[in-house]
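Heads up, the next two complexes both have subunit A, just with different partners, subunit B and then subunit C.
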Partner chain A sequence: MNKKYQLHVAKVKPVWLRFLILVIIGLPPITGWPLTLFATAKDPLHNLFMWLSYGCFIWLFILLNTGFKKLLSYLSFAFLLALITCLVGAGIRNLIGFIQGASRQDMTLVSIRMLSLFICMVSVIPYSLFFINCFSVSSFISRLDFSTVKNHRTKIHLALALRVFQHVGDVTISLLDVWREENPKMISPRFSDELWESRLSPLAWLNWMRNSAVTWCLAMIMHTFEAIPYLTEEMKNIINFRENR
Partner chain B sequence: MSNNWTLGKTAVVAALTGLSALGTMIIRVPIPVTNGYFNIGDVFVVLAGLWLGPVPGLIVGLVGPTVADAVGFPQFILATAIIKGLEGFVVGLIGRHRGIGVGRRVIAASVGGFIIVAGYFLFEAYIYPYLGSYVPFFKVTDIGGAIVEVPANIAQAVIAVAGGVALWRPLAGSARPDE
Partner chain C sequence: MRGNLDYAIIQKKVTRVIRLSFNELYIWKNLSHIHMVESRYFVTYEDLVGYLELKTGFAPPQIIEGKGLFLGKFNKWFTNFEDVSSENVNWRCIFPDPKLNISYPYPIDEITVACSLCSSPSAYDQANRILNDYHLDASLSKRQTMTLSGGELLLLSFAKAQGLKDLTETLYVCTPTQWLHPTKYFLLENLIKEYSDSGKTVSLLLLEGEQIETAPDNDLQEQEQVSSVQVESLPWSLYIKNLLKIFDAQTFPKNSPEKIIRYVPADFDREFESPTLVTGDNGVGKSVFVKMLSNIYQPTTGRIAIRCLGNEGYARVLMQDSLDQLFGETINDHFTRVFKFDKAKGKQARELYEKMLDELRLAIKTDVRLRKMKLAASNSGTIETVLQVKFALVCERLASKPPLLILDEPDWCLSRPVTGLFTSIVVNAAHKIHIPVLIITHLRNWYSNLYKSVINLKIMENPQEVHIEQIN
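Up next, the complex of A and B:
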């Protein structure tokens, strides 16, 4: 990306100004304002268009700050979550509507509602990830003043908690690539010729979904916990270094 | 902060908090009527209570699912923070002691599950409609919606109990991070 157009919100100082800028940009998903001023109850498509515009703005904002690669990793995670939520949600709502004999108009409203939720999620999740990554835990730790005895322990524990929390976020985003590499037969079309025939039954699809979810969850737990001894040791070393200096 | 609270314990609590937030976000099944959703984040709240005790259970329950609610479902933050925090605390209080059998752990986790079902019903049927009469932001549920959501919350509680105890069992033999 042309560096001429690059933004550097993550480098804005002081930190409270950076926080303020990010909060102002995130106001619509957090409070609904100012999009609710233009929302109309009669025209759900109009509201949908407003959220879509906001989503495009957020993506552009993240793109200008982080570049394509980071934006794509945020988006892959956001789309995964949003697709699961909205497809299952739409399925359940339509099933209930079908059983209750809902009108075609009601069904359309359900679809629009799910679409709104989808757009909201694919806007808010990349924004949340970007927000977290705008604050470097490493630099926070390096700036901590351990010289005073007061609140010494609390500061150390808080810094470590933030470090681990950010690590969980990093693991989850990168896990999508790891999972795809390790399970090519489960998702990649070039491996799936012989599998597609056996997947015609709905039970086979359910089994595939269950296996995918279990593999993903286990990998997430293992990758999260395996780094804990290193992160704890790293923090101990920082403390020792500061105290002996 | 007590002196026997080690760095390892803080790291594990933070990891479980993050996993709880992700578990709440990743598998979300929206429930019609209340606009709430079904999720599996409680598994890690129950695990934190059983493995580490009441205070870590409270922290994981209070922070993890609440962070997840902030993405897409902010109206439920208040209910989630109170209910899940209480769930982790109570599970830890009943099931924290070493040497007690699996049966008591299951009872502890089940009490946590009951807190989910009863807590959300209470919030959605009475507290939110009451708050909604003053602040429109909370006007998202009523007693009819709360009743409809009970089966989904029961399923969520059962998964939390089964998943939490299943994940705790391999950890039961190992040293706790504060030991």
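Up next, the complex of A and C:
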């Protein structure tokens, strides 16, 4: 990307101003405002288009700050999560609707709801990753004044929370390597001789996807949580040193 | 020999070595007196972790415990950690898994924070100096830590320990040789000297056999006699053409340079005898090479082909930090999930796993020194050992009948006798179904009775070029 057009939001100082800018840009997914001003209950496609436009704006904003390759890596993660969630969700909801004899209109509404969720996810996830990476835990911890007990815990909890969020990205990438080794096609199991044998195979595959999503979530939680006690122990060491000085 | 951890000097000063028993530990008694260094040897990783927990009072939940126990233990920890200033933590540990020693996304951040906490006036400059001292140059210091190799992470852990020296009274260093090339042992020695010169205590927690690279020859003789299964060789071939891997430069959140690895010679077509060792310095590109052999990374240009008795395709790999490969599951849950749609292969894998455990039990029965080691969980209700996890993952990989099985540093978290046993059982099982085995290691001596051929990777004059050579 041409450096002439590059934005440097991550370098905005003071930090509270950077935070404010990022919160304002990220307001729609959190509060709905100001997009709710333009929303209409009658035309779901209109709302869909509105969210799509917001998504494009977010992508452009990230692109101008991070460059194309970083945006692509954020997007691939977002698309993977959104696809799993929405495909499995749509599949199960449509199946339930089919069994309960839902009307065609209801089915269409489900599809539109899933599509909205998909667009929301592919906008929010990259933005969240970008948001978190705009702040440096290391410089935050370097500046912490451990000599005063005031707001001691709040500061430490804040530092820990920020680091844990950033750590999710590292965990995801290392787990992706493990997953790719186990399942070279990524969205289909390596050992799949019995998967495509019957007419219910698409359902079995959906079930596999659902189980995989659960496995992923649990593994990500465990690997992210695993690092927290180690980091906390290091913080205790620092506090101990500062307090004894 | 200079370059190795300078035990030769230390040994002259050691008055005697007390051998409690094979499955207990050795204490080089006078080390604590001379260098404020204490070395302890353990036969299993679980024993080492248990000792560390006892000494530090720090018992974090571990992935190997499975999701139920892990989350329960984490919850308990989480509800009790609140009073952060209540404990007098003045120790630091370089844990066996180097990534657990790292707290921030970039090496330079890691050391700058350490230096600034120690109130160093020019923390950034000092951090760069320390990183350089531990062979982590400017190009590495701004690369994301998750892209560093295991050895580079360990060197970063050393650098961090040096940066945090003022905060630390006792430094525990766990199993350093399993991630480190022997030419880098002197960096560990430097770290130990830094600590001991400041009157601090260093405790080296090693797995049995780690002293082999450095200790007297009589220890070596004894280690050689540990039981292992005899293996036959198996031919396989490797073809590489114009192999190149480029890791893109990063611009956010920090600028980090592009990394290029070009494997030479451009046209490489050789036959090897399995088991084959892959050796090479830290950061030379061994893990990247392995990931390309197993299609986890795609080469930027060029191609790789593996062939063994007509079987072609991509290799399967047991990664260095193999515990991650269980995805937080127990062995049984892992088998159930992976083989959900291929029950026949699932059955084969489970049978092979049981067979391997039987061979292990047989070895324990016949070798008195292995008898007291806790190598496998006694029943399904207890926590599995690292050795069991490795066996299970290998069985899953063998069930897919790859043309090559790669064991990336299989010695990680295993002592020398256990590594010998593990690799010989695995190689034997793999060879029976005509699957050759490639072992990546820094501890060539550990496999001296096993390997039939060696591939060495080394960086050429041009740092972007990695030379692949066959050593006979």
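The working rule: the second predicted complex is superposed on the first by the 151 of 245 C-alpha atoms of A that agree within 3 Å, B and C clash if a C-alpha of one lies under 4 Å from a C-alpha of the other, contacts with A are read in each partner's own complex, and residues count from 1 in each chain.
Operating definition for what follows: a contact is a pair of C-beta atoms (placed from the backbone, for glycine too) under 8 Å apart; a residue touches a chain by one contact, two chains touch by 3 or more.
On a predicted model such as this, the values are computed, not experimentally measured, just so you know.
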Which of subunit B and subunit C A:G89 touches, first, second, both or neither: first
Which of subunit B and subunit C A:A10 touches, first, second, both or neither: second
Partner chain(s) touched by A:L231 [first = subunit B, second = subunit C, both, neither]: both
Contacts of A:T108 with subunit B and subunit C, given as first, second, both or neither: neither
In the superposition, subunit B vs subunit C on subunit A residues touched: C
Contacts of A:T154 with subunit B and subunit C, given as first, second, both or neither: first
Touching partner for A:S53 - first (subunit B), second (subunit C), both, neither: neither
Subunit A residues contacted in one complex by subunit B, in the other by subunit C: 153, 156, 163, 216, 221, 225, 228-229, 231-232, 235-236
Contact footprint of subunit A on subunit B as seen in their complex: 1, 5, 7-8, 10-15, 17-19, 21-23, 25-32, 37, 70-72, 74, 167
Residues on subunit C engaged by subunit A in the complex (per definition of touch): 58, 60-63, 67, 70-71, 74, 77, 81-82, 84-85, 87-92, 95, 100-101, 103-106, 109-110, 112-113, 116-117, 123, 144-146, 164, 166-168, 248, 250-253, 291, 294-296, 314, 316-317, 319, 324-325, 327-329, 337-346, 399-400
Residues of subunit A that touch subunit C when the two form their complex: 6, 10, 65-67, 69-70, 133-134, 136-139, 141-142, 149, 152-153, 156, 163, 166, 170, 173-175, 177-182, 184, 189-195, 204, 208, 211, 215-216, 218-219, 221-223, 225-243
Contacting residues of subunit A [partner subunit B, same complex]: 30, 80-81, 84-86, 88-89, 92-93, 96, 114, 117, 120-121, 124-125, 128, 153-154, 156-157, 160-165, 167-169, 172, 213, 216-217, 220-221, 224-225, 228-229, 231-232, 235-236
